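Please go over the structures that come below.
Across the two complexes that follow, chain A remains constant while its partner is chain B and subsequently chain C.
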Partner chain A sequence: MALRISQIAKLIIGVWIASVIVSMFLVLPQYEGLGNAGRIMIMHVPTAWVSVLAFAVSALYSGLYLRRGRSSDDDKALAAAESGFLFTLLATITGMIFSQVVWGVYWNWDPRQTSIFVLLLIYAALFALRAAIDDPDRRRQLSAVYSLFAFVTVPFLFFIAPRITDSTLHPNCVFIQGSTCEGIVLQEGNIGLLGDRKVQLLAIDRQGDTITAEVNVSEPGLRDEALLQPTFNLAAGERDIAPEFPGLRFRLVLEEVDLDAGRVRLNIEAPGTGLLDNQRTLITFIASNIGFTALFIWMFQIRATLLGAQWALERREGALP
Partner chain B sequence: MDHEISTAKFAGIRTPFRQIMTAMQAVLIKDVRSELRTRYAINALILFAAGAVVAVSLGIGFFGLRRDADSLRIQAVLLWIALLFAALNGLSRSFVHEEETRTLASLRLAAPPLAVYLGKFWFNLALLLVLDTVTTLLFVMFVRVQVANIPLFVSLLAAGSLCLATATTILAAVIAKASFKNTLFAVLAFPLLAPTLIVAIEGTATALGGGSWSEGFSALRTLLAYAVATFVASLFLFRFVWEA
Partner chain C sequence: MNPLFDVSMAMYVALIVALAVWFGIFFYLWRLDAQARQLRHRIETLPEQEIAPTSVATLRNVRTTSDVSRQPETDDLEESTSIH
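Moving on, here comes the complex of A and B:
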């Protein structure tokens, strides 16, 4: 019976994820500016979510093992860690591909990249620890302790990592619904930070209804700078020309103008703004999240069952007491 | 009295608080004594730190004289690399030694787990403070690092060492029962210490450059929070390591 359920689940998940992949390439509309790179979000976000989920599940079962001492709890903790490691790798790789296409670098020590890298290290350390202890009971107990201990330190990482760089290029406000890029309000001559670029408002010019902001944009480390001129149309009350940051697909937008006070609001706009506003994209995105979560649960169950069977077999053969 | 009972309960052990403190003291004194006999850990720590400092100094000369933001940060990174790897070399000694000389069983009989943990923790912290002093002095002499805000620098070093001690003491107990002990110790400790390293390096760079207390305060606060969290987690989890 269990075997049949597992086989049916495998079929359903397989078809589900196949259709997510198909719609990712065929049904989703092309994002403006991003080209085909934006499609990777359909894979990237769910794998990242599952990697966090798996880490929490692993810690949960580690705690249960320490409390109840059942070896099946440890099997589950290990199964969650193993499939979690796989998903963490996938999230890292898909993120790196996106990073290379959109920002021109594979690795930027962006806060997200830092935290996921350390998460990979923790998983690797857990496997190394398990490999280094021969006695099964001792292995279970000590790896459960390490898993829980690591779980305590991870929140610090998420809190601290954003301090490495002052801001992130990870396009939260673009891709995650409900969050917004606030932008910055600058007065003439003021300096501010957008993404990891230093911006200085040099002047505000008015020609008829068109307001032009002269903005000096500096690369990180002040290696290079460029003059951008985003404009705002007073009659229409909306932004007009939004030039691209040099070498990036991100744009500089003039969002609001207060001529009396000499203030403007500048914002950064990723190429895929409003991505999830599109109905087809949103549905595919949700379907992908569901599919990957189900895939994780399936892998987790199968692996945990296999580990349990393996122990039973070894015990029967007399290898274990 | 209430407080004492609750502390004992909190660790999952019915031993009264005062007894644990006495046992802790005994473990600490025993460790200090056996360390003074062999001087293994202290030699490993200090020689490693001295080696690292001399290597840095040979490579980049009087780099400490440069005062721009990048150089200050590099100086802070070099100092913490020397401290971290020296610590990862020597700190596992406390438990590994017990395992190698097969004295774990008698220690298990003699003292409650909490007392063993606390004794080892204070011993490691003391070792780290010695290491800090020596490494910093060597850095100041060989690399000619100038510390502009000395009180902030010292408190950051102390807080960073506290984090190292709280995070690694329990790991030392974990790896004592595994094979490839020393390599495994560094592998297990590094990902857990990564957040504190980031903060400590940043704070130290600020202190080297003469940043004010208010600038260094957030780093200090984060380090202390990390130390408290890992210390409490260790108190909870050590029992299971000790039983294993």
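Moving on, here comes the complex of A and C:
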């Protein structure tokens, strides 16, 4: 009976994720500023979420192994770490595809990209450590301790590091509540940083109710410069024209104007802002998170079973004490 | 131009490719799962010898230290080894 339920659950995972894929391509609307490229978010964010979950499970079983000393706990810790590594790789690759579409390059060492790369290195080192130690008990103990320490870095690298810097092009404001998305306040002549772009407010012009900010935008390394002119409508009290950064899908927005003080608030509007306001997108996004979480649990079970079987066979063959 | 890359068709082509990749992964996982379950079942149920043959050596007529002083006889030195 349990086997039948398990088989049905696995079939549901298959159909569920297939439905998410169909919805991703056919049901979701295009996103303003992103076009069809924005659909990859339905895969990118859930894979990143599942990798955090997998590393947490790995740390949990590592702790249980240190407490109880059961080899099955070590198998589960390794299975979860391997799944987490795989999902992190998927998140990185889908992020790189998004990056190529939006930023024009696959990799530009954005804080988010750098932090996920460091995370991959940390867990790659765990597998290297395991491979380097022959004694099974010692291998399990050391890797359990390492896994616990590795997990300490996960919240920092996933959530804190990309948030403490304003200099990121990652659309944090879309998915991560509490990110710093307040833009920068500049007076005429001041220089600031939006994303990885240097911006300098050259002048503030007024024509009727329309305020125009003349902003000089420089690429990293000051390779290219461009003059952008975002506008603000005083009568409506809201932004008006939001020009795109050169070569990017990001827009420069004039959010607030203080004519008396000669100050304006400039912000970067990431593509996909307001993405989850759409009901169809939100449902597909949640469904994708659930589907990938279930997929992780299934993969985790298979890998843990195989590791347990491998250990049992080695023990019977006399390779292990 | 290849009609598969036509703008109106591109979305459907991408969908079919994504579904093909997913179903490939799904059936691979399904088979792996079944095999892992079978393997675990075999390990749990079969006797140890059927899983992995183990070499066993049996010694007879082993000389003790008290035997060292006397002259060895032919029978005492007989040894037999059996491998199972």
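What we mean here is this: the second predicted complex is superposed on the first by the 287 of 321 C-alpha atoms of A that agree within 3 Å, B and C clash if a C-alpha of one lies under 4 Å from a C-alpha of the other, contacts with A are read in each partner's own complex, and residues count from 1 in each chain.
Heads up, the rule we're going with is that contacts are C-beta pairs under 8 Å (C-beta built on N, C-alpha and C of every residue); 3 or more make two chains touch, one makes a residue touch a chain.
Just so we're clear, the structure is a prediction, and the values are computed from it rather than from any experiment.
Chemist: For A:97, select first, second, both or neither according to whether it touches chain B, chain C, the two together, or no partner.
Modeler: Touch partners of A:97: none, neither chain B nor chain C.
Chemist: For A:64, is the partner it touches chain B (first), chain C (second), both, or none of the two (neither)?
Modeler: Once the two structures are laid over each other on A, A:64 reaches no partner at all.
Chemist: When the two structures are laid over each other on chain A, which of chain B and chain C touches more residues of chain A?
Modeler: B
Chemist: Is A:142 touching the first partner chain B, the second partner chain C, both, or neither of them?
Modeler: After superposing on A, A:142 lies in contact with chain B but is clear of chain C.
Chemist: Which partner does A:153 reach: the first (chain B), the second (chain C), both, or neither?
Modeler: Touch status of A:153: first partner only.
Chemist: Quick one: classify A:121 as touching chain B (first), chain C (second), both or neither.
Modeler: Touch partner of A:121: chain B, not chain C.
Chemist: Quick check on the superposed pair: does A:298 touch chain B, chain C, both, or neither? Answer first, second, both or neither.
Modeler: It touches chain C, and chain B stays clear.
Chemist: With both complexes superposed on chain A, which partner does A:308 reach: first (chain B), second (chain C), both or neither?
Modeler: second
Chemist: Taking the superposition as given, does A:22 touch the first partner, chain B, the second, chain C, both, or neither?
Modeler: Only chain C is touched by A:22; chain B is not.
Chemist: Need the overlap of the two footprints on chain A, from chain B and from chain C, as residue ranges.
Modeler: In the superposed arrangement, which is not itself an observed complex, chain A uses no residue for both chain B and chain C.
Chemist: So in the complex, the part of chain A that touches chain B is made up of which residues?
Modeler: Contacts found on chain A: 66, 114, 118, 121-122, 124-125, 128-129, 132-134, 137-138, 141-142, 144-146, 148-150, 152-153, 156-157, 159-161, 163-164.
Chemist: Which part of chain A faces chain C closely enough to touch in the complex?
Modeler: Within the complex, chain A touches chain C at residues 10, 13-14, 17-18, 21-22, 24-26, 36, 298-299, 301-302, 305-306, 308-309, 312-313, 316-318.
Chemist: Would you tell me which residues of chain C are touching chain A in their complex?
Modeler: Listed in rising order, the residues of chain C that touch chain A are 11-12, 14-15, 18-19, 22-23, 26, 29-30, 32-33, 36-37, 39-40, 43, 48, 51-52, 54.
Chemist: Any idea which chain B residues touch chain A in the complex?
Modeler: So the residues of chain B touching chain A come out as 167, 170-171, 174-175, 177-180, 184, 187-188, 190-192, 194-196, 198-199, 202, 222, 225-226, 229-230, 233-234, 237, 240-241, 243-244.
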